[in-house]
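One chain, chain A, links the two complexes that follow: it is found with chain B in the first and with chain C in the second.
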Partner chain A sequence: MKNNISVMVIIGIMFLTGCAETYSVEDRAIIRVAGYDFVDEDRLKATVAVPQYGRGESSGTPTEKFQSAVDHSVKEAHENIQRKLSKPISIGKLELSLFNEELAKNGLKNMIDFLGRDPIIGRNILLSVVKGETQGLIEAKYSESETTSKYITGLIKQNINQSNFPETNLHKFLYAYYADGMDPFLPLIKRTDSQVEIDGIAFFDGAKMVHSLPYSEAFNFKIMKQDFNRGTKGIKYKEEHIVLENIGSRVTYHVIDGIEHPKFLLDIKIKGFINEVQNINLMLNGPVIKSMEKDFEKSLQAQCIEMIERFQELKIDPLGLGNDLKNRREHFDLKKWEDVYPTVPVDVKIDVEIIETGITS
Partner chain B sequence: MNKKRQSKIDLHVPENLLVTPFFVFFLIHAMQLGVGILSFETYIARDAGYDAWISLLIAGAAIHLLLWIVYNILQNSKGDIVSIHEETFGKYIGGFLSIIFSLYVLLLTLTVLRTFIEVIQTWVFPQLNVWFFTLALLLLIYYLVAGGFRLITGLCLISVLLALPLLWLKFFPIQAGDINNVFPIIDHTLVELLSSAKTSILGFLGFELLLVFYPFIKNPEQSKKWAHYGVFFTTIIYVISAIIAFIYFSEKQLDQVNWATISLWKIVEFPFVERFEFIGIALWLFVVIPNICLALWAASRIPKRMFNIRQTYMVGIYCLILYVATIMLDERQQIKELNDIANMIGFYVLMYIPVLFLFKKARDKVRDTN
Partner chain C sequence: MGKWERRGRNQQLNKAGTIQTLYKKLKESKDFLVYHHTGPTPCVISYLKTMADPKILNESILPGLKNADLHSLEKIKEAITVENISITDQAEKIKEKVLQGYVVIQMTENDNQVLLIPASTKVGRKVSIPEIEFSVVGPKEAFVESLDKNMNLIRKRVPLPELTVKELSIGKLTNTRVAVVYIDGIANEININTVMQRLKEIDYDQMIDSSYIAQMIADNSNSPFPQLLDTERPDRMTEALVEGKIAILVDGSPHALTCPTTIVEFFSASDDYFMPWHLATVFRLIRLFAVLFSVLSTSLYVAILTHHHEMIPEELLATIISSRADIPFPPILEVIILELTIELLREAGARLPTKIGQTIGIVGGIVIGTAAVDAGLTSNVLLIIVALSALASFTTPVYQISNTIRLVRFPFIIGAQLWGLIGVSMVMALFIGHLIKLQSIGTPFFAPIYPLRFTDLKDAFIRLPFNKQTQRPIQTRPLKSERLQPSDANKKRDIDE
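== the complex of A and B ==
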């Protein structure tokens, strides 16, 4: 009796493997980058790059084929692309999703739903807004050694990890999109002839893009948004131009007073190296460095406060001040907060400490 | 199963079928931790927001109390739920209540089975052949349950040990999260906290099976502390999972997520595996199978005790019911309703435990004075 059952179980398990379809890599069109362009109020155009892997042992980058299709929703557009392909589409390896500026300004609601709902999509993928057409950006050839998706993903990732761009990915976007008192932001990229560059930061009010900042202000935004230890910032010092290399910036949000009349203080501490001074005659000694620190503090503070005031005018809250208030004071009321947000006093205190000045004095 | 038949009231389980008190820890814990933990964060946060972890503690404390009551009921009777019911309510009402209890446990089994298959359907294989998969799974389960109580106990032990390493993965969401989310602590009224505690208590369902397998414990007196440790361990795991989900998701975002724990696995990134949730779900089968087996064993044990029929027949009949029901329920909405119904009945069963206790106490008093 017992033996019979175990035989049955083993047979059952053997057949179980046949229950699901198997996919082999060669038989799928694996899409790593997808772009979406605005067509009209309720239609969008999807563009994907499909890598073509050769039969032989040829190493190097696969060539890519590009397809696009117009339809009402993302899934339908993908379906239309499928009509033009010999292999079924797989979006499990998607690592970059691009939207053109016009689409972003009209709202990314259905994109957000698609990316959040499909279990096959990873949470660490990058999203980005593109100035101009995404189709042209995806279809252009940039590098002999990299596919377009790898190129743009690398571009954004290294700017996040090594430079001035604040951290972003699908999870962070969804987090800010759904959170009370917080609005999302995305990188804004553009194509210039044979290359792509980060142009700035796109800010959203809910799902709609409403504002953008040039890349030169990304450093200021990043020191207010998160702790990090990379990035450079240049300012005018007297007649010269000096550059501070950030080696560790820490930001603390303080909420002052109660929920009725909240005040905020952003306490930012930056440690840095001076690594470029555009006047060889300037001696970097104690008093000079002290006054440099003062100048950095002053100019950074002014720029940061100005940026926050712009956010307040536009009623967007990419820093998540509302979210912070909600976490620190009881009885948070979203409606009330949205009313008071444009007039809430926000102060920024910056403390710059220049600890080294390089290997020449 | 090759036991001599015994009369109902005088229950004696041969020593070679008993388990040591220590294993009660795994039995209780494995039965409590099922599919609920994959999705409970969203539901408990609906009432009490991100204070819901306090509700979990309240619920855990309530379960400790109920567990104490269960032990009190059992200690004075030297039997299981069937004999207690018969002693307390007489042959017919008591028998009826026992059958209800058996069907309730079967319903729990169905909920776990169907919900887990739904998880596989939505996350891994949308085209899954449900009838075939369920058939294969139930064959396996039948085989395991037919192996008897000791085998199931061993399975519970394995499941706890296999699921523990998954806790390490919580490190990834901690890195990405913001601890400030759970503050300010206690920003909700007591009513909200309690109503969330009512929702969270459902994650602890399953310990009441002790009413069935109590006679299988050697020196049951000593098992008391292990049972409490088991409940405590469950509480801790729930609280940790909840807090980590709270710091990773924003409150409105969590509300959109159907299976928060699985979504947390999504961000786990290793160089050799891109989508960890597939591995997590596959591993979770080892948690779900002992859960189903233990419940099915308990459900089929009750009719066996009442009517003196062979337990394997009962297991077969119940498997058939499970099979048909699993195939009939094929929409998310129905599965959700199934969960809601099971939870509601589970809540009443928990409420029934103190009532049973009082009735039994009264009955014992009357008998003593006579």
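== the complex of A and C ==
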């Protein structure tokens, strides 16, 4: 009897699941990149690129079809795009979501909710703020062999892995957004005719973009934000311009004193090697290198402290100092922290070690 | 009720009656000869022409009868130079012996007292090389149909007085000899008793092959998993016997059964012991991976393409979509069509006479597959997956389990279509649950994994070197579990030490 019931249940489930409409992967409009532009206070314009894959042997770089629609919310805008397509939209393989600067300055609350709530969207997709229209940026073609989505994703990813840009993705953005005492940041990209480039870092206060830094300051931000192994920084040394190539930097946050009067110390250790010394006759021996290290330390420290002071003025905390304090000291009060944050003393200690000067000396 | 009736009829069939009724019955067959020997000793000689050896009849029996004045069976018995001659008047015994090819001598035709002279001859194959469980290195002998030859193959490998052979005859009509072999003092009594009891309780007309027994004494006859390991290699069987396992041989079957067994044993080949342990380990792991791949690959294809396309890596997306673009079927139909094609080819290959037939079958599969792709019935990607999974299922060293793998794939495919990856996990959970519950002669079938037998893991997924195999597998509960002294294991003495 017990057996019969379970058999009935299994058969029932099998017949019921037959009612669900399933779409195979080739019958879906798989969106790889979506951009959102500001239209007015309560409307936005969504632009998506749908790759058109070749048939049979002739697969290669897919071409892309672009669609856009205006509506009050993201879902409704997608619904409007749906009306223009022969296949159901699928955002499961979304890998890049773009917002224009105006929209970001007006707040991305509904975007964050949409991206964070749907389980089908991966947590490692990239988000980015765009200077100017996202529609134009998406519809432009930058490479013969790559689709726009792949090109821009590659652009951001390789700069994170191989260069000065700090790590970012949806997961990190959402963490920073929801965490107490931490504010998110995103890459800021810009299109110039047939070119697209990373322009800088966009900083958010909650869901609103409030500040941006040029790409030249990304190195300073990255050494304070995370450990990393690549990247370059040029400084002046005795009227010369020399370049430090980062081999490995380690940052440790120290919280000094209690919750009442917290102080922070960012202890940064950089190992690097020297490249592009303009004065070839400069002897790179021990004392010279020591003084170079000192100069690097001094100028980096000044720049970092200056950057943190700017953050404090704007009352944004992309480094997550408040979050660090919350993790390490009990009785953390967010209200109180927000009041004291602009005046909290933050010291940066930088220790540069030049371990390599190359084979020409 | 029907069973009782049938049993009654069979008893009738087996009942011997008197010699006269027996002879009357036998004379209906053309090959039963009765002739009156004339000369100095008149007597009646009768035998089954097809079972008796004419050489013994001509060279030993007939010359003996030439002597004069042999007026009683005792005298004839002395005159004939063949061993094991007996005199009897029991109809039952006469029937049994005549059917085995004995020559019967009577003084007169209606005499109840007869002389039975062993003259049976048996036609059979010679010992040849193993074809199903072939290995490149290692012994090349395989079991044949004759039980005696098979016993010879085992006895010469295990020259021990403790090697015990118990014989039964099973099958009401065929009276097939079945031998239970084990090493006394290592094999556990409980296992032996279980096997003996189950064999004794078999009630069936015929016993054609050992696979009959495997199905009849299996703990769960409804399971797709074989619960007794069958082998055609005497060396593999020796391996099992010294581990305290029990072997069952059936007269007329070139496959022996060993039990109790575990699921991992089905994936270990005899080759694993013929090469260094690290190589053996790698190859065994590859084989286990191949099994998982074979079972899961097509169902994962269905699940991911139908329900979870976001899991497809970006680089693969274009390949899959463009190869799927022209296919008129949903993934599930595509998979079922191709899987059935492969199964058809396999069945056809198995029915073809030689091994070459199978190769032709596989080549034919590729040709059919390519044509199917060109015609737009299946996608290239799926063709590769199905071909690889078929190839992977050939890597299993035991034929029985590869059949299981063939079958087990289909529930996974159905689960994948219905519920996606959750369906695959559900079917997987059902099978694992079934395997955990399964027993082989009362011992857990899923053993080194569950219940976790840590010491047995040294020869399960990996094979450690021989000097680390200090204990026989505790799975079989051997009476003596120690194989070698762990302290002596690593010693390699130089000659001058």
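One rule holds for everything that comes next: the second predicted complex is superposed on the first by the 340 of 361 C-alpha atoms of A that agree within 3 Å, B and C clash if a C-alpha of one lies under 4 Å from a C-alpha of the other, contacts with A are read in each partner's own complex, and residues count from 1 in each chain.
One rule holds for everything that comes next: contacts are C-beta pairs under 8 Å (C-beta built on N, C-alpha and C of every residue); 3 or more make two chains touch, one makes a residue touch a chain.
Just so it is clear, the structure is predicted and the values come from calculations on it, not from any experiment.
K.L.:
Once the shared chain is lined up, is A:Y53 touching chain B (first), chain C (second), both, or neither of them?
P.N.:
second
K.L.:
Name the contact category of A:P287: first (chain B only), second (chain C only), both, or neither.
P.N.:
After superposition on chain A, A:P287 lies in contact with neither partner.
K.L.:
One more residue to check, A:S24. First (chain B), second (chain C), both or neither?
P.N.:
After superposition on chain A, A:S24 lies in contact with chain C alone.
K.L.:
Between chain B (first) and chain C (second), which, if any, makes contact with A:S90: first, second, both or neither?
P.N.:
So A:S90 only meets chain C here.
K.L.:
Between chain B and chain C, whom does A:P62 touch in the aligned arrangement: first, second, both, or neither?
P.N.:
In the superposed model, A:P62 contacts chain C only, not chain B.
K.L.:
Who contacts more of chain A, chain B or chain C?
P.N.:
Comparing chain B with chain C, the partner touching more chain A residues is B.
K.L.:
In the superposed arrangement, which partner chain does A:K150 touch: chain B (first), chain C (second), both, or neither?
P.N.:
Only chain C is touched by A:K150; chain B is not.
K.L.:
Touching chain B in one complex and chain C in the other: list those residues of chain A.
P.N.:
In chain A, positions 13, 92-93, 122 sit in both the chain B and chain C interfaces.
K.L.:
So in the complex, which bits of chain B are touching chain A?
P.N.:
Of all residues in chain B, those touching chain A are 122-125, 127-129, 132-133, 135-136, 139-140, 142-143, 146, 176, 180-181, 183-184, 187, 249-253, 255-256, 263, 266-267, 269, 274-275, 277.
K.L.:
Within the complex, which stretch of chain A touches chain B?
P.N.:
2, 5-6, 8-9, 12-13, 15-16, 19-21, 92-93, 116, 119, 122-124, 171, 174-180, 182, 323-324, 327-332
K.L.:
Under the stated contact criterion, what part of chain A meets chain C in this complex?
P.N.:
13-14, 17-18, 22-26, 28, 30, 32, 51, 53-56, 58-60, 62, 90, 92-93, 95, 120, 122, 150
K.L.:
For the complex, give me every residue of chain C touching chain A.
P.N.:
Contact set of chain C toward chain A: 304-310, 312, 314, 317-327, 330-331, 418-419.
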